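Each in structure tokens, the structures are laid out below.
The following pair of complexes shares a single chain, chain A, combined with chain B in the former and chain C in the latter.
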Partner chain A sequence: MLKAAYEWLDKRLDITPMWRDIADHEVPEHVNPAHHFSAFIYCFGGLTFFIVVIQILSGMFLTMYYVPDIENAWKSVDYLQNEIAFGQIVRGMHHWGASVSIVMLFLHTLRVFFTGSYKHPREFNWVIGMLLFFTMLGLGFTGYLLPWDNKAYFATKVGIEIAASVPVIGSALATFLQGGEVVGAQTLARFFALHVFFLPAALLGLMGAHFFLIRKQGISGPL
Partner chain B sequence: MAHNHDGKDKQVHFVGDSRVARRNEKMVPKDYSEFPGKTEAFFPNFLLKEWMVAVVVLVGFMALVMAHEPPLGEQADPTNTGFLPVPDWYFLFLYELLKFKWASGPFVVIGTVVVPGLLFGGLLLAPWLDRGKERRPVKRPVSTGIALLSLLAIVVLTWVAWDEHEKQLASQPKGDSEDAKIVHPEDPAYEIYKNNACVNCHGQKLEGLQGPSLRGIGDAYTTEDILKIINEGKGQMPAGMFQGTEEEKRQLAEWLANQDPPEEKESQQ
Partner chain C sequence: MSEKESQRKPGMSRRRFLTYTIASTGGFLASGVLYPMIRFAVDPLLQKGTETEFEDVGPVEEFGKEPKKVEFFIKRKDGWYQKEGGEKATAWVLKIGGEILALSPICKHLGCTVKWEGGGFQNQFYCPCHGGLYTKDGINVPGTPPNAPLDTYETKVEGGRLLLGPIKQRGGGA
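What follows is the complex of A and B.
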């Protein structure tokens, strides 16, 4: 039945080459933790992706209750954390997942750096990886404001002050982030849009490019 | 465009009705014969193993999530002047960097642009800064050395920033609503405290008035630290405010150093 459905689709769409391109390739021994335990260092990239998936899923559920305006933001977070079934778990996953994804990303970066995997011919994928790193830091910075508690508010205020002290582009950057003269309603709406639409879009695009290049170039050889 | 231009006048086939040329050679999986040892199919063999690693991580992660409630403070109040701002932990090293004299005030551009720019710019351009063929970290000591030094600097700065933040938090006036209770209020040292100038700034119940709260002070300081502060003053606090005998002073410091009540948050809720 399943096979018949697949063949029906395959006849019309020719999907076999597509998934074979994605899935059908050999993985060398030196990155396989089943053969060498020390190869676990090669898992951090995959784990970063795994945590990012957790972040996307938990974030999608959070937006079901979260209200991005200064009157209700904190109240909605308080409500979803304390009144909704599993709300605390979902918010907990998103909150702690933010830190864990940074840790995994950092470990992955260290692995790539210290195994010299960024060298020819993978220079471009390293650059994409660094852009991914910056995008993740941006997600961390914008997401920190959204609960709209004192910690969020004052940390963002300091962050924007730091951005404003950059010469030449500083004040423009601060205005862009703040959406006005003070950290307030505009800032929250803006950070929400950045956190939920712009930066995840960039993240997904960059991750697609990252994986495409890994698939094209293969994983780097053993040291 | 029915012909390609290699001069052989060969017919070109396209994919569907597009203008994408159909390639004759298949996208064959990369040949890993250059690597020694056993290779394994990505799907499903290797992916299954990666998934097992992910499950172990997931169990640990969910344990963390269930053990620690995600923090949510009081609703943001822009008029709150006493709040100590702190960024998320992975920005702490940049935050701490800006506290150096050579990276703040008139030199703030060093802290906001030059150092982070060198760090992140160096990372971004690493493949072109380190172009050697050698991949082993010991065989390229310069890049390994710079990386280790930066790593060390980041760890130390983060730790210093966090430590400083904890200390500042501990020395903030907390008021009566704080959970920490006075330990051993029946101790004669409490009377010594009340009969001295301490009480004017730190409050009848150690709750803090102009000075910081002393409740739970034992978490942050030892008897010797407290004696030193009493003798020499600290911040706003002048030296030599204590009028009693040396013995009373030591008694008081010991009592204060014992002010580290266990957190009772759980049972109160």
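What follows is the complex of A and C.
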């Protein structure tokens, strides 16, 4: 059944070469944990991607109940967590996944650093990786405000004060982030917009470039 | 028979066995991730509606042969939101042969709000969205879009006061 459906599609769209191109590639021995167990350190990039997929999925589902409004944000989070089936699990995935993705990203960065994989000709992919790192930090920072509880509110106040301490552009940056005269309705609305539209779009674009380059340039050689 | 069968189909190849094993393990893991999220999303399908309480809309003798609009408030929790003082509801109440009839104003065509003698239609309920008409007792007029009579509220009279309860559907109609 499945095979027939696949062949029907393949005849018309010629999809086999496309996925072959994506799936069929050499995995050098020095990055294969089946050969050298210590090669598991090469898995952190893939694990980061896996967590990002979970973050995107669980985040999409959370927005089915969440509202970015100061009167209702906390109530909607309380409702989705305590009164909807699996609410605690889905929110838990997003909550813990946020920390795990940063940890994985950091381990991946360490691996790239200590294996010297950032060196010529892969400098540009290191730069993209750094941009990805800051995008992820941005996602963490903007997402932290959304439950609109005390922790969220004061963390954002602190974060905005830190942004304000940046030389020259500090106060403009803080005003941009805060939106209004206080950390309030306008802050929550724009943090939500950044968290679910702007930063994920940047993340997807950068990840595409990151993967394109790694495929184009190949995995760096053994130490 | 079974021998011939097995001769024609030699056992599963190693590659195919591995494909199946990996696919089913992957499927199991993916469903572990997806099941909670999908169940979370479809929760409204499986939730029970809230019980509607009877609300006082005034003394019974206020209502006569002409449909009279009454507004009242029902307590309903909409997810995390509950309107202070309740959600506004409307009923068109009239007496037909001593019986109280409390009609819901929600058009049975596509849910707009009907009005007694709206749009210049005498002695009828009129829906402005697609021109639906109902007679005084809420029966839909043939040839107009609605295909069922207006729903009614359950009614109760206590101490000379009219109470309206949950909405129920009526059969029949034109």
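Everything that follows uses one rule, which is that the second predicted complex is superposed on the first by the 206 of 223 C-alpha atoms of A that agree within 3 Å, B and C clash if a C-alpha of one lies under 4 Å from a C-alpha of the other, contacts with A are read in each partner's own complex, and residues count from 1 in each chain.
One rule holds in what follows: a residue touches a chain if its C-beta (ideal position, glycine included) is under 8 Å from a C-beta of that chain, and two chains touch if they have at least 3 such contacts.
Small disclaimer: the values here were computed from a predicted structure and weren't measured.
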item: Which superposed partner A:Thr135 touches (first chain B, second chain C, both, neither); value: neither
item: Which of chain B and chain C A:Ser101 touches, first, second, both or neither; value: neither
item: Contacts of A:Ala85 with chain B and chain C, given as first, second, both or neither; value: second
item: Partner chain(s) touched by A:Asn72 [first = chain B, second = chain C, both, neither]; value: second
item: Which superposed partner A:Phe61 touches (first chain B, second chain C, both, neither); value: second
item: Shared contact residues on chain A - chain B and chain C; value: 54, 75, 78, 89, 93
item: Residue ranges of chain A in contact with chain C within the complex; value: 54, 57-58, 61, 64-65, 67, 72, 75-76, 78-80, 84-87, 89-90, 93
item: Residue numbers on chain B that touch chain A, as the complex places them; value: 26-27, 29-32, 34-43, 45-47, 49-50, 53-54, 57-58, 61-62, 64-66, 68-78, 80, 83-91, 94-95, 98, 108-109, 112-113, 120, 123-124, 126-128, 130-137, 140, 144, 147, 151
item: Touching residues on chain A, where the partner in the complex is chain B; value: 17, 20-21, 23-30, 32-35, 40, 43, 46-47, 50-51, 54, 70, 74-75, 77-78, 81, 88-89, 91-100, 102, 109-110, 113-120, 122-123, 126-127, 130, 133-134, 137, 140-141, 144, 147-155, 157-159, 162-163, 165-167, 182-184, 218, 220-223
item: Chain A-touching residues of chain C, taken from the complex the two chains share; value: 33-37, 39-41, 43, 46, 79-81
